[in-house]
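Structure, as structure tokens:
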Amino acid sequence: MSQFSGTYALIRKDIHSELRTRYALNALLMFVVTAVATILFALRSDQPTSSVLSGLYWVVVFFTAMSGLSRTFVSEEERGTTMTLQLVASPSTVYFAKLLFNTVLTFSMTIAVTILYMTVFSNAFVIKTFSIFAGTVVLGSLGFASASTIIAAIVAKANTRGTLYPVLSFPILIVLLMTVMNATTKALDGEEFTSALPDFQILVGYFLAMTGGSYLLFEYVWKD
Amino acid sequence: MTATGVTKEFNRRTIFRDVSISLSQGESLAITGRNGSGKSTLVKVVAGLLSATRGKVEYAVDGKPLEIENLRYHIGLVSPYLQLYDEFSGSENLELLSKIRSDVGIDSGRIQQVLETVGLWERRSDYVRTYSSGMKQRLKYAFAVLHRPSLLILDEPTSNLDHDGIAMVKKVVDEQKKQGVLIVATNDADEAGWCSANIELGKH
Amino acid sequence: MKFAKYGSITLITFVLVAGIAIPLSPSPQNWLQFPVIPGLEEKARNILYHVPVAWTTVVAFLVSTYYGFRYLKTRDIDYDIKSVSAAGLGFLFCFLATVTGALWAKFNWGSFWNWDPRETSIFVLLLIYGAYFALRSALETEEKRATLSAVYSMIAGITVPFFIFVMPRIMTGLHPGAKEVADPAAISKAQAIADSAIAVGSKTFADSALATVAQMNVGSAVPVVQLKMSPNMLVIFLLGLLGFTLLFIWLLNVRVRLARMEYERSTHHE
């Protein structure tokens, strides 16, 4: 019970703080816009195939995540509030709060990317099987947030955070990336919902394994 | 609270070795030693923020052993490396940290009480970012005593404080000595004199 | 350790000699002849070296992760020394597996790199090792370095089952045992490989690749290259696995002793 209310209070604090400082939000939004604009320039008037488009979709999500998701831990570390947090909250409270906060961020980010894509690629980026797309975005965001949260906690303790974050995250996220790209292509090609079930199984399995492992290991990362 | 044979090493350099402390209700201890002798490190180990290389620290409240997960309800710490949130006001900081800890029975009345004790009630709704360093130190006291901890640890207790501030600290210290355990880490002989016992680090 | 040292030297020498010297024959009569595997021919010999090296890479990763786990449990820095020594060897073997694999792929499938599931997996393993060492060099306190790199290798370890079980199923591949679907993309890819094989003049391989295309078109589930080893090849192959594993054990031992000595020396210097 106290675990739950503490987690809830910490997420509220993070969201509040984010709304006041815009530490991550501005960076994320600008990154999304810049990346999509760059892709637009690169493709010019070519008609990209659905697999190219879904690949690029997740490339944008990946790099945007890499620019912003480590803030949750890095900002605590930089401001010297890590110990304050250690003093008032148990490691699992911190872990779940940060995981949920990152999930919210990732989810908002995928929605932003989706809206942008639907506007700028209005001909090519047509979601034919909405159920597959929704499932992929939700499960993919969960997996993304889960892996990036534990890596962010690790990176916050190191001294070359900026470059280290994508280096550590990419090998962990590659399975997830391949699966969501695969499933998104199916959504764009208008395949049956059932054809994406194996992908969803992988995504659920990935999220559960990653979150469970992180939960068990987080204490070692968090406490000095 | 008891610590037995606590040793801490960083990169194989021993900071202190085989420190044993035992403190119970109403007792107080000063930790002294020159700069870099490991006072703050020992404080972190005792506060459960850092694990000891060897040895262990145990706590008991009212004779019952205390689980490490519940330590946070019983410990208060003031120290230079503990920061509060810049983007929130003084009273917001107390409120949100208390909620994160899921304290029971801390209401706005209690928050007002501690803010008045440390003399920040008038400035309660200013962002901590705009506080002077002395005001920040005062706010740390408010945070440390908010939940009436049984173990209060003060590292460099009077840094950045004026006369009034030091008087405030003395009041907090006297209060704590009546109802709980107090540990002070300091270089100052006066401050060490507040405590009934003393250990000096770095004399090997 | 003497056992691992001389065992690995003997076995690997034997496998090297036997693997190269035993002649191929279309219909092997006795133990001193290898069968001809269509599409591989003489190149089949590489399986005796490439696969054991790749296998050792994975063993090294598991050993390193295991010692990392032990470190977290005991906080004994000696486990970190073992963990990082195993990871260093794993990195080396991973590099060798990638190179031998890429060369083999060039002669067999027409290009150095095809992103089939196994190639992707070894590439990711290379990235994981790289990330592991990048992380270590960014951490100054010894305890923190040991703890965080152990956590990282365990987190990376969580994704390994996904590579082994998942990827071969969702990706089309060229290695034996990979999924093969009669979908147009896979067929056109196989066709492209066959074309490129023709272009580089590898007629036999082009034939087998074209056969693959044909098989795909009828939707049959035969693996890309049928790999049924003859008993004598299998024995040598297994001895190769054992030999390289012993080599790993021996090298790990040497490295650990060396690392311990360096560790001791740096302690005394302070």
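Each chain carries a letter (A, B and C) given by its place in the written order, and its residues are counted from 1.
Here is the rule we go by: a contact is a pair of C-beta atoms (placed from the backbone, for glycine too) under 8 Å apart; a residue touches a chain by one contact, two chains touch by 3 or more.
This one's a predicted model, so the numbers in the text were calculated from it and none came from an experiment.
Taking the CA centroid of chain A as reference, the farthest chain centroid is that of B.
Comparing each chain's Cα centroid with the centroid of every protein Cα atom identifies chain A as the most central.
With centres defined as mean CA coordinates, chain C is found 54 Å away from chain B. Note on chain placement: the centre of chain A and the centre of chain C lie 31 Å apart, centres being C-alpha means.
Chain A and chain B have CA centres that are 37 Å apart.
For chain C, the set of residues that touch two or more other chains comprises 140.
Contact of a single residue of chain B with at least two other chains is seen at no position. Looking at chain A, residues 224 sit in touch with two or more other chains. In the complex of the two chains, the chain A residues touching chain C come out as 147, 150-151, 154, 157-160, 164, 167-168, 170-172, 174-175, 178-179, 182, 198-199, 202, 205-206, 209-210, 213-214, 217, 220-221, 224. Put simply, chain C touches chain B in their complex at residues 75, 140-143, 266-267, 270. Residues 72, 120, 124, 127-128, 130-131, 134-135, 138-140, 144, 147-148, 150-152, 154-156, 158-159, 161-163, 166-167, 169-171 of chain C are the ones that touch chain A when the two sit in their complex.
Every residue of chain B that touches chain A in the complex is listed here, in rising order: 44, 47, 49-51, 69, 72, 75, 77, 81-88, 96-97, 99-102, 143.
Taken in their complex, chain A has these residues touching chain B: 2-3, 5-6, 9-10, 12-13, 16-17, 20-21, 79-81, 83-90, 93, 223-224.
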